[in-house]
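Both of the next two complexes hold subunit A, though its partner changes from subunit B to subunit C.
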Partner chain A sequence: MLRMTLAVIRKDMTLTLLRGNGLVQALLLGLLLIFVFSLSQGVGESLSARSAAAVFWLSSAFCQILMFNQLYALEEVNNSRLGLLLSPAPIQAIWLGKAIAGFVLLLSAQCIFLPATVIFLGKSLSGPPGPSLVILLLTDTGMCALGSLLGALAQGQTAREALLGIVFFPLLTPLLLAGTGIGAQAFDGIDPDGSSAWLGLASAFDAIFLAAGLLLFAFLYAGDE
Partner chain B sequence: MPKSSPPPLILLLLGSVSLACCQWLIYFYAPTEAAMGLIHKIFYIHLPLAWGALFSFFLVFLGSVAYLFKRDSGLDRLCVAAAETGLLLSGLALFTGMLWARKSWGVWWTWDPRLTTTFIMWFVYAGYLVLRSLNLSMRRKSLVCAVVGVIAFLDVPLVFISARIWRSIHPAVFGTEGGELEPKMKLTVAVCVISFGFLWAGLVRLRERQLDLRARMDTIACDIP
Partner chain C sequence: MLELDRVARFYGHNLVFKDVSCTFAGGSMSLLLGNNGAGKSSLLRIMAGLARPSLGTARFTADSPKIGYLAHATFVYPALTALENLAFWRDVHGLDNTETDLLNVLARADIAGRAHDRAGTFSRGMAQRLNLARILLLAPDILLLDEPGAGLDAKSQALLRKEVLHARGRGACVVLVSHDLARDATLADRILLLEEGRLAYDGLPALFPPLADVEQACYA
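The block that comes next holds the complex of A and B.
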C-alpha cells in the first residue's frame, strides 16, 4: 500500500506542478479573497484578529476545494481512473496518496496566504508559535482527509467545484472554528478560549475523518460515472 | 395499491389528534413562564421539532450504513424520506428558535451550540438533497448519498462541541441542577414530544411510500416497449 501511495503522490505532484494551471488558479482565488476582505477596512482601520484568521482559513478552504477538484480531474482524461482501480494495491492507497499530495500543495499555498494576510489585513504574528503551528497541521490534515474523500464524490460531474463546496463547507465548520480560534491567538497574542480545547477538537476531527476516509473511500471511488 | 395504506395514515391521524389535544396542555395546564410570558409556549413546539429533526438525521445515518452493506434501494428511499423530513423540521425548529431568541435574548440569531448545530446540519442535509438531483445512475447516486449520509452524522457531535467552545447562551432543559422545568411543564413537553413522534413517523412513512410508488411507476414505464 505504501508503494502505491508514494506512486500516487509522485504522479499527482508532478502533473500538478508541471501543468501549473490548477495550482495557480487555487492560489489566485485564495489571494483574491484576502485582498477583497482587505477592502472592508477603512483608512487606518484593521480587521480583528479573529476576522483575519477567518479570512485566512476561508482562503485555504476555497483553495483546497480547487486543488482536490484538480487532483481528481487528473484521472478523468482517457478514463485513467480505471488504470488506478486495476492496479494491484488497496484502493485506500489512492485516497491516502491524494490526501498527502493535497496536504503538501495546501501547505505550500498557505506559505503565500499567511504573509498576504499579515500584509493586506495589517496583522502581525505576535502569539505563541507552537499551538498555531500544531493547529495549522491538524486542520490541514482534517481538511485533506475529508477533501480527498469528497473529491471522489464528484467524479464525472461538470459542476464539481460547486458540488464539492455545498457538501464540504458545512462539514468543515468545526475545523474552521478551531483554526480561527487559535489563528486569532497567533495574530493578537491573546488566548480567551484556551488552545487545548481547540487542539483536542481538531485531533478528534482528524481521527474520525481519517478513519471514515479509509472505510468509505472504496464505496465512492469506482469505475462507473 | 391504495393511495395511502394504513400505517402512515394511522400514524398521521394519531399524531394530528394528539397534537391538537396537546394545545390544551400547552395553554391551560402548563403554567406560563414568569419572565418570558406567552412566548415561552413556543418551546413546546420548538423542542419536538428539533428532536424530530435529529431523529431524522440519525435515521439517515442508520439507513445509509445499512445501504452500504445491503445495497437495497428501499433503504435508499427511506434515507431520502428521512432527510427531507429532517430538513423541513430543522428549518421549522430554526424559525421557532429565532422567534424565541428575539424575545428571550433580544436578537434574532446568536451563535449558540444547539442553534449553530441545527443550522449547519440544515446546510449539510440540504447539500445531501442537492446530490439527489445529480445526473448520475441511480445506483451511483444512492451510493454517493449513503457515504455523505454517514459522514454528515459523524460531524454532528463535532459541530456541537466546536460551537460550545466558541460561545453558548442556550438554556439547558433537562438534567441541570436548579435550571430544570417544573413538573407540569415537563409533563406537557413530554406529551408534546411523544405526539410529535407519531406525526414524524407518519410523515417519514408517507414520503417513503410516495417514493416507493414512484420507483414502481418508473420500473413499469421502463418495461413498456
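The block that comes next holds the complex of A and C.
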C-alpha cells in the first residue's frame, strides 16, 4: 500500500508542480479572495484579527476544492482510474496518496496566502507561533482527508463537481472555526479562549474525516460507469 | 482461472444480459462477440473486477491473479514521459523492475526511441503501444482486451497480435472483445456470442454458425 501511495504522490506532485497541471488557478482564486476582502476596508480601517483569519481559511478552502478536482481529474484524461483500480494494493492507497499530495500543495499555497493576508489585510503575526502552526497542520489534515474523499465523488461528472462544493463547506465548518479561532490569536496575539479547546476540536474532526476516508473511499471510487 | 456464475447486468431497469455462466482456463483465448450495446465491455469489466454484476458472481479460481486490461482508453498520462508512465505503473503494481527492464519493455513495444518524450506528443497508435508496454511489464495471468486494436495501423496491430499470442503461450487466460470475426476467430480457441441479453453461443470457432457457413461454402 505504501509503495502505491508514494507512487501516486510522486506522480501527482510531478504533474502539478513541475508540469503545470493546475496549481495556478487555485492560487489565483485564493489570492483574489484575499484581495477582494481587502477592498472592504476603508482608508485607515483594518479588519479584525478574526475576520482576517476567516478570509485566510476561506481562501484555503476554495483553493482546496480546485486542487482536489484537479488531482482526481488527472486520472480521467485517458481513464487511468481503471488502471489504478486493477492494482493489487488496497484502494485506500489512492485516497491517501491524493490526500498527502493535496496537503503538500495546500501548504505551498498557504505559504503565499499568509503573507498576502498580512499585506492586503494589514495584519501582523504577533501571536505565539506554536499553537498557530499546530492548528494549521491539524486543519489542513482534516481538509485534505475530506477533500480527497469528496474529490473522488466529484470526478468526471459536472453535476457531481457542483456537489463537491455544496457538501464540502458544511462538513468543514468545525475545522474552519478552529482554524479561525487560533488564526485570530496568531494575528493579534490575544488569547481569550485558550487554544486547547480548538486543538481538541480540530483533532477530533481529523480523526473522523480520516476514518471516513478509509471506510468510504472504496464505495466512491469505482470502475462502474 | 476465472469463473462466471449466472452473471447479469442491468443499467437502471434495462437488462443488458443475464444468466451468463462460463469458465476460462489458463493458456486459452476466448473471443467475445456481440452487437453494439450487447454488453461485451460490461462483461469484460465484471471479469476484471472493475464492476460488480447486478446478479450472479464472478470469481477468480487462482490466488490473486495479475489482471491486465487493455481497452480503447490508453491509461497514459500525457504530461509524463513514456518511461515515467511505465515506472508509475510498475510502482502501482508493486513490481521490482529496473530502469533497464523498463527500457527493454519499451523496446519490445517498439517505442524505446521515444522513452524520454512526453506521452502527450504521441499519436494514438504510439500511446496504445505504451499501454501495451504496461501490459507486457505486468505479464498478467488474465488478459482482458476490449477492442484494443481500434485505430491502430497494420504494424501496431501485428505487434499486438504477436504479444497476445505470446501471453497465451506462457499460460495466460486471454479474453478478447472484437468486431473483426474473420481476423480474430483464427486466433481463438473459443467463441462467446452475447445476443438478445443472453449468451447465445459458447463453443468452438469451427462450429460457430457464421464461420461454419463460410467453411461449408468454401468446401462447396
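A few notes on this one:
One rule holds in what follows: the second predicted complex is superposed on the first by the 219 of 225 C-alpha atoms of A that agree within 3 Å, B and C clash if a C-alpha of one lies under 4 Å from a C-alpha of the other, contacts with A are read in each partner's own complex, and residues count from 1 in each chain.
Quick note on the criterion: a contact is a pair of C-beta atoms (placed from the backbone, for glycine too) under 8 Å apart; a residue touches a chain by one contact, two chains touch by 3 or more.
All values reported here derive from a predicted model rather than from experimental measurement.
Once chain A of one complex is fitted onto chain A of the other, the partner contacts of A:L137 are absent, as it touches neither subunit B nor subunit C. Of the two partner chains, subunit B is the only one that A:L153 touches; subunit C does not reach it. In the superposition on chain A, contact of A:S87 is made with subunit C only, not with subunit B.
By the touch criterion defined above, A:R19 lies against subunit C but remains apart from subunit B after alignment on the C-alpha atoms of chain A.
Of the two partner chains placed by the overlay, only subunit B lies in contact with A:V167; subunit C stays clear of it. When the two complexes are overlaid on their common chain A, residue A:F205 makes contact with subunit B while staying clear of subunit C.
Subunit A uses residues 222, 224 to touch subunit B in one structure and subunit C in the other. Those residues of subunit A that touch subunit C in the shared complex are 3-4, 6-8, 10-11, 14-15, 19, 21, 74, 77-80, 82-89, 222-224.
Residues 146, 149, 153, 156-157, 163, 166-167, 169-171, 173-174, 177-178, 181, 193, 197-198, 201, 204-205, 208-209, 212, 216, 219-220, 222, 224-225 of subunit A touch subunit B in their complex. Residues 45, 48-52, 64, 66-69, 71, 73-80, 84, 88-89, 91-94, 127, 134 of subunit C are the ones touching subunit A in the complex.
Against subunit A, in their complex, subunit B makes its touches with residues 68, 120-121, 123-124, 126-128, 130-131, 134-137, 139-140, 143-144, 146-148, 150-152, 154-155, 158-159, 161-163, 165-166.
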